[in-house]
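These are the structures in question, set out in turn.
Across the two complexes that follow, chain A remains constant while its partner is chain B and subsequently chain C.
Moving on to the complex of A and B:
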């Protein structure tokens, strides 16, 4: 079939539009990437001369190192706790019928619609009222609340797609419910659980708004440290940090993607 | 009566029934999945639950396995009341339609699963797994993963896994429907051999009447949550007790007829403008009036169109089937206007030919008109 001239015009318009959208989405990163190699201490664009000294500076600036360690620690603890709580919650929601099930569901999903700063502010007020120290655990608790609905939702979907016949076969073979959970259900859900955990860790690693309320100088997360830096200095160090930041998160996302595919392979079986 | 039944338990006479289902019913919300059902399955028997999807056959299977809890009634396995017993204590072997082999375990680990839950020693587990794999001829595949096996091999693993625990009852949930035709026949023969060699009580769920007829000692034909007839394959095929069974198992021609009067041997009917004196086995003949006459295709014979007593019909289509030909006739006396019969290929007629149809004196059954009590 021959294409009419109109078809061609529409064809090319579509392609151009797509390229424009992609370019628009990528634009901030491209600008930051180029700016991070600017030799000048003023965050200007486009750069006149090039340097990698801001990357060195990023590594030498103490708050970034501390923030990175804090962020990784908080993401690891927060994601683990959210995963355990979220998976348990998803399991109960999938397997049991009880009164107030719908209510419990909406309470747990509510952080999806409550703004992060409200959650941060709430925990700040709460910790002050209870005279709790503004420790790492306070930040972890904040992050657990924020990422829990995402993790629960993702595990819930895995459970919904889970073939119950596997469990029934195991039970008929004499497996007690706990034994079946341990030897059949969990191993088969593992890829979904790991992806959910990494997803939670990325969300926690990126979280800024709520963290701003609950951190102090020693529990500062990397995004908060970056915010503090940009309020004092205007040099391209932050651009360099952004580039490295993105590389780390993108790597984690690639791992999640690989695992999600693995899960599909297992489910097809 | 036995000496020591628990106060509220069953009487422990050493019965010959491996499974007894006593007035069991099940609903899901407002949907009735199973009307109260009574069913006794003899020890060593191969019993098939046959019916269309949604007829309740899988519900019965799930109730025996313990995956569902009965709303009412009791279930006994080997004379033991198991209505409240969880699945893992029922000692039942199951083969599912999709086999449900554990994808993260090897063939050996799959088969050994039921022995490990019973904390059987390593040495004995090894022996019994080897025996089970020998039984299904899969010795050489012990280390494979389920994914690396063909459908037929996966089914054998599932069977070995179910048999290795020496179950009291073997439940088969449409196990052949995922296999292609040749493999299916081979697996049916193999399964039947193993089953009768081990003398294993087996409950087989299927919607395939050919499968049911060829494999079962008894068949329970089900529809809409209840058992419509239970009997040997011959009884079911030759003497279907109601319209549903007659059409679901085998091919059926249904004629609109008038029951004129009951006779000593059976009944006199008016059908297609002629009268027919029928010898019948039925003891539940409907009252005189409009009835449905059921005749198997192989009971009908082709005659000349003007032969006395013949019903007139016209050939609509002749379908070559290799071993025989199927003739589809337009026949006003039939309830749906069509009659099917099988003839040797040489006797096939061209479309449009007028023919006569002779019905036999023995064999056909009379049912009340559709809508009445079946």
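Moving on to the complex of A and C:
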């Protein structure tokens, strides 16, 4: 088919529009990258002189190290617990009918609608009313509640696409329920469980708003430590942290994309 | 033999978590009905005073700001997100598709702080945007983006864009391309084909993306807090301020309770809309 002049105009408008939108998405990250090498504590564009001292400062600032350790710990515990609870729930949701099933489902999915600041406030006042300390476990519980709907959905989708005949074959050959679960169901579900777990860990690592309500000085997560830093100091240390954050996340995403193809994971193929 | 093996074992952890969610919701309801005792973290006796306090102008303004932010953010996110999702699904080269996908998704995994801080550097008085505009002699004095609705909307659009793109791309990818080919072969131009075939077929995706964008923006805290800097108060920033600056947790609880009821009402309206659309599609 030959291209009319109108088609040409449309093609070029589309390309320019796409370039402009991608530029908008990347703009803050390009700017933060430049700012992180600005020598002076006061921003200026373009920087008058360059330095890597804010990267050194980021590593030396105690709260960032502490926050990173806390965040990794909380993400590991939170994702594991959410995976156990979420996978179990997805299994019974897919396989069985039981009393209060619909109620249980709506309560567990409600954090998708309830704003994170409300969830954080709720757990804070609950722990105050129950005279519980604001420990790491309170932060873990908050994160489990927030990420559980995502994990449960991801495992539920895998279970829906599951070939039940393998289980039935194993059963008819005399396998006990535990044996079938362990040797057939779990191995077949493993990809869904792994991607659900990784997703949960990333969400938990990034969670900020609800965490801000339930942490204290010693259980501070990395995002909360970063927020506190911006409130106290105006220097580009946080730009350096942001650049490192971006590099780690972008690298991880490229690897995941090469291994699994993101469009399949997100169902936009 | 047990017909439902593992039911108890598998359901118990999630039941425990459901109890935790319910308990923290009840704790908010309970606090919202208690009096604030200045200087004490423990609430006083039962009262409805918190809810009458919410009628003050400052809380009405926060509600209005939140609704306006949700509205403008959703409008601009859809306007920017739709072409991006369309290009992601329809680009011919695989490399370009991968690039669009990775660039639009990376912000989703960066968290609210990194993204908002980056926008502070772009939008500040000495920030990138103002410095560039001044050097190009387009303006004499910096434009105020920080502490304004405009600035908060710009950053919120960036914050909401990835999830909206994912939802729109999912809707667009499930449209049967044969319908478009049929329209083109019957003589419709590309513009007409898009307006009469593709766009109407993607409306359910647009509605779903709209409701998600609304819920995300409503729930956003770091962006209005850091870019708005106390000048653009929303429900989320006020809940935090009332709680952690005045330690008035009963009032914070009633404010978030009213906010939650508002969210549920709006989402219920959207869901009815989606159901209507589906029924129309079925006929």
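FYI, the second predicted complex is superposed on the first by the 244 of 269 C-alpha atoms of A that agree within 3 Å, B and C clash if a C-alpha of one lies under 4 Å from a C-alpha of the other, contacts with A are read in each partner's own complex, and residues count from 1 in each chain.
To be clear about the criterion, contacts are C-beta pairs under 8 Å (C-beta built on N, C-alpha and C of every residue); 3 or more make two chains touch, one makes a residue touch a chain.
Since the model is a prediction, treat every value here as computed from it, not as a measurement.
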Which of chain B and chain C A:187 touches, first, second, both or neither: first
Chain B versus chain C as contact partner of A:24, first or second or both or neither: second
First, second, both or neither for A:168, with chain B first and chain C second: first
Partner chain in contact with A:104 - chain B first, chain C second, else both or neither: second
First, second, both or neither for A:92, with chain B first and chain C second: second
More chain A residues in contact - chain B or chain C: C
Residues of chain A at both interfaces, chain B in one complex, chain C in the other: 177, 266, 269
Residues of chain B that touch chain A when the two form their complex: 65-67, 86-94, 96, 98, 100-104, 113-114, 117-118, 146-147, 161-162, 165
Touching residues on chain C, where the partner in the complex is chain A: 2, 4-7, 9-18, 20-25, 27-28, 30-31, 41, 80, 83-84, 87-89, 97-98, 100-107, 109-115, 117-122, 124, 126-128, 131-132, 158, 161, 166, 169-170, 173, 189-191, 215, 218-219, 221-222, 226, 236, 239-240, 243, 249, 252-253, 256, 259-260, 263-264, 267
Residue ranges of chain A in contact with chain B within the complex: 163, 165-166, 168-177, 179-180, 183-184, 187-188, 266, 269
Interfacial residue positions of chain A with respect to chain C in the complex: 6-7, 10, 14, 17-18, 21-22, 24-29, 31-32, 34-35, 42-45, 81, 84-86, 88-89, 91-92, 95-96, 98, 104, 107-108, 110-119, 121-126, 128-129, 141, 144-145, 148, 152, 177-178, 181, 202, 205-209, 212-213, 223, 226-227, 230, 238-239, 241-242, 245-246, 249-250, 252-254, 257, 262-263, 266-269
